[in-house]
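Structure in structure tokens, see below.
The letters A, B and C name the chains in turn, as written, and every chain counts its residues from 1.
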Amino acid sequence: MEKQDRIESWERKHSSEISDVKEILHTVKKSPLAMVGLFIVLILIFVAIFAPYIAPHDPITMNLDNRLAPPSMSHLLGTDELGRDILSRIIHGAGVALKIMIIVLAIDLPLGILLGLVAGYFGGWVDEVIMRISDIFMAFPRLILAMAIGTALGPSLVNTMIAIAVTMWPTYARLARAETLSIKERTFIEAEKALGTSKTRILLSSILPLCSSTIIVRATLDMGNVIRIAAGMSFLGLGAQPPTPEWGLMVSTGRSFLISQWWVPTFPGFAILLAVFGFNLLGDGIRDISDPYLRRGG
Amino acid sequence: MVDEVLLEIKNLVINFYTYRGIVRAINGVNLKIKKGEFFGLVGETGCGKSVTASAILNLVRNPGKIEEGEILFRGRDILSMNENEIRDRIRGKEITMIMQHPVAALNPVVKNGDQIAEALLTNKKMSKVRAKKRAIELLKDVNIPEPEKVASQYPHQISGGMAQRVMIAMMLSAEPSLLIADEPTTALDVSIQAQVLRLLKGLIEKRKASVLLITHDLSVVAETCDRVGVMYAGDVVEVGEVNQIINDPKHPYTRGLIRAVPAGYKKELVGIQGNVPDLVDPPLGCRFHPRCDHARKVCKEKKPKTVEMERDHTVTCFLYE
Amino acid sequence: MNKEKRKEEKVDELIRLKDIKKYFPWKGRKYVKAIDGVSLSINKRDILGLAGESGSGKTTLGRVMLRLIDPTSGVIQYKGTDITNIKMEKDLRRKMQIVFQDPYSSLHPRKKIKDIIGSGLKTHHLVENEGELVEKVEEFLDLIGMGKEHLYRYPHELSGGQRQRVAIARALILNPEFVVLDEPTSSLDVSVQAGILNLLKRLREELDLTYLFITHDLSLARLYTEKIGVMYLGELMEHGKTEAIFKNPMHPYTKALLSVVPKLDPRERTKEIILKGEIPSPIDPPSGCRFHTRCIEKVGRICEKDPPRLRDAGNGHFVACHQYK
């Protein structure tokens, strides 16, 4: 009985959120492309988490007797130049891709948002300094800058993640700053000022929650880029090192077999394509949903 | 007063198909506007007065849809005319409309005088020179000082009140029989409002046109209109001559409105309890019953019929059936 | 005897403005002269109305009083203390509150009603924990005529009138002394307006508050204010007891304004004084008396050269016009 009461009281307290979620789901159902994107991303996450259980073979074990075998029942996508099962490597590669994305986001989002909020809210020389620094980073094309940093730090997966994170924070900082600039003029912020709320609290509890939507959309759209750049870095030898089953690396090492044993580079390449595509669709879908929602709620 | 009916709205029903459900925004509206009269349509947010105005020009678009009813202009149903005929003869010609934000309605890259001249040229055959001259004459008619200067300016260079008068001049260029004004002075200062309303009133006298004034301001209606219709949640609840409605309101909503409007002799204001209903799920029967002090059982079940109390004074309420 | 009386008056006085000016920089070297020399005082338990049209500066003046906008020059005194340039500390902010015009934008769209109303309670440490906060907010919801079910709702789920009540609760739950009401009902329907204004009236009695009631609706001002000031283009043209101003307006602008306000009752209607021209731009306001370009009671060249000062016309009625010496 007590549990029932607790459930009911929780429902009452959060009835607004519940109806909001219902509304979002209703809207999401209407956009088939967003659904497809969501589906692909969910599969990616699922595969990444459960890789050890799903993968039919160990991704690292070599079997030089069975090198470059075409797709068959025992190796659905064939084997690579060291006899490793491509399917299993792709499955584990999802985990690698996910790890890269999470780490990049974990660095970039807090850093970028914080800097953007501070720049937008306080203005003046703080704003100038932060913006000029971000300008410097944005002056370079992302991949080139990532390559430069990756080379300087030394080839490794971790360094790739750092390099990518460093190239991406200005985007989020600018977004957060732009949002902050427009939000801080709104009446409910003036109301907080009149109430005596401290600037820090205004920033964190009133402005930050409103920035999140645009940033989430941007971050989702960017995930495709992250995978692409990471793959590119690995392809050039700067990122993941063998035997890590990273998709870009697999394409790179499989390059020379493209004509005769096409499955070696093609399937990992296709995995990259699918993942990027999925994130882009999802990002577009989220943007479409959050716009009318934002308009109504803000 | 000339009694001839110029426009008659019969049993108009308009639905809006929204993501939350079907909104029955106009619930069977009946209205008559006579020749040469200044008619006020008054109501609060969501009552449907603006939608009714759009319907007159058959401008109701997705997600709105006119489901039933007729709008008879000089005896002919506008809603059954084809689009070309409405465009050629009715819209911007016999019936014109001005709205709340005139600067937004004017073309920002065309000079004011040229916009009026263009309007003239679509209606009549005349030389461009003549049209430009006539445009200045029209600006004089609407009491704009230095009309030549204003004609050579762009909409963003003139104030809201002036822009509204430029709009009126444009609408007049077609010599309409009915001018619909949808909250024309809501965004204007009181002192400018007085100028614009005086202008509209003068039009009736000079050109024998009718004016349909849509507003939420009962005091404006009291000062300018001949007859008034009161709308609530998609229904017309009371229609009558202005003096009758203000001094002897019959419908409980009308009474509530009048009690809520500030006036010098009053010591306090009384509001109407409750809120305007959500039209996705409106109250059954009479839509006003949840807020009505006189609500009875029948009010919650059936929709009241319109009753004529005395000449030209109609009420839609079970108290009078 | 006199000194004591003056001391009493000083204690009673809540706000005093001395020659407040606010100029906003505009495109290079020009300025929007939103307020150009306004002096007035508000006593405890006053309801002072501030009326005017667009460009009058009434909204800006309300904000300057609370130091939400800092004046360009002039003095703001709160209970005798000069607060013009000090850092506004929390407790002072608590005592001076504001209710904004638009209930649709003055509430944070992603916060729940209990957090919106309770925000100030947390900031000023008036409650110690969440439980106390909910209790206090519930109490106040009851005071403003709303039920507990609204605690966990979001602003977009409430009607305009309800949102404005929440905005009022947010300000008044802090137990302030002075509240600026910035057109509190202009965005609301007429039928809802009365409820809000009556609520404000009742709360003033119960909580012993002083109000500055900013409005463009003179009919409303007549009903709800005891004293009123009329502003035009950044200056105070006339002020005094509300009834006196309405029955016997002295400034030509006030006369014209009152004559064109639409009136429900035909008996109140007088001959309309239609002012010629438009309200001039506050960037380049007329010289001398701001109103001279539209005034039909112009005295002469002096109106174009000298700005008139507010003169005492007796019984607390002050006018700034050269025809009254």
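Basically, a residue touches a chain if its C-beta (ideal position, glycine included) is under 8 Å from a C-beta of that chain, and two chains touch if they have at least 3 such contacts.
All values reported here derive from a predicted model rather than from experimental measurement.
J.: Quick check: more C-beta contact pairs at A-C or at B-C?
T.: Most C-beta pairs in contact, of the two: B-C.
J.: With centres defined by CA atoms only, which chain is the most remote from chain B?
T.: Using the mean of the C-alpha atoms as each chain's centre, the farthest one from chain B is A.
J.: Chain A to chain C: how many Å between their CA centres?
T.: One centre to the other, that is 50 Å.
J.: Compute the distance, rounded to whole Å, between the mean C-alpha positions of chain B and chain C.
T.: So the centre of chain B lies 33 Å away from the centre of chain C.
J.: Among the residues of chain B, which ones contact at least 2 other chains?
T.: Residues of chain B touching two or more partner chains: there are none.
J.: Please output the residues of chain B touching chain C within their complex, sorted ascending.
T.: It is residues 44-45, 145, 159, 161-162, 189-195, 197-198, 216-220, 222-224, 246, 256-273, 275-276 of chain B that touch chain C.
J.: For the complex, which residues does chain C have touching chain A?
T.: 66, 68, 88, 90, 93-94, 96-98, 100, 102, 105-112, 119-120, 123-124, 152-154, 156-157, 167, 170-171, 174
J.: Taking the complex as given, what residues does chain A use to touch chain C?
T.: 12-16, 186-188, 190-198, 201, 206, 209-210, 296-298
J.: Tell me, which parts of chain C touch chain B in their complex?
T.: The touching residues are 53-54, 159-162, 189-195, 197-198, 216-220, 222-223, 246, 256-257, 260-269, 272, 274-279.
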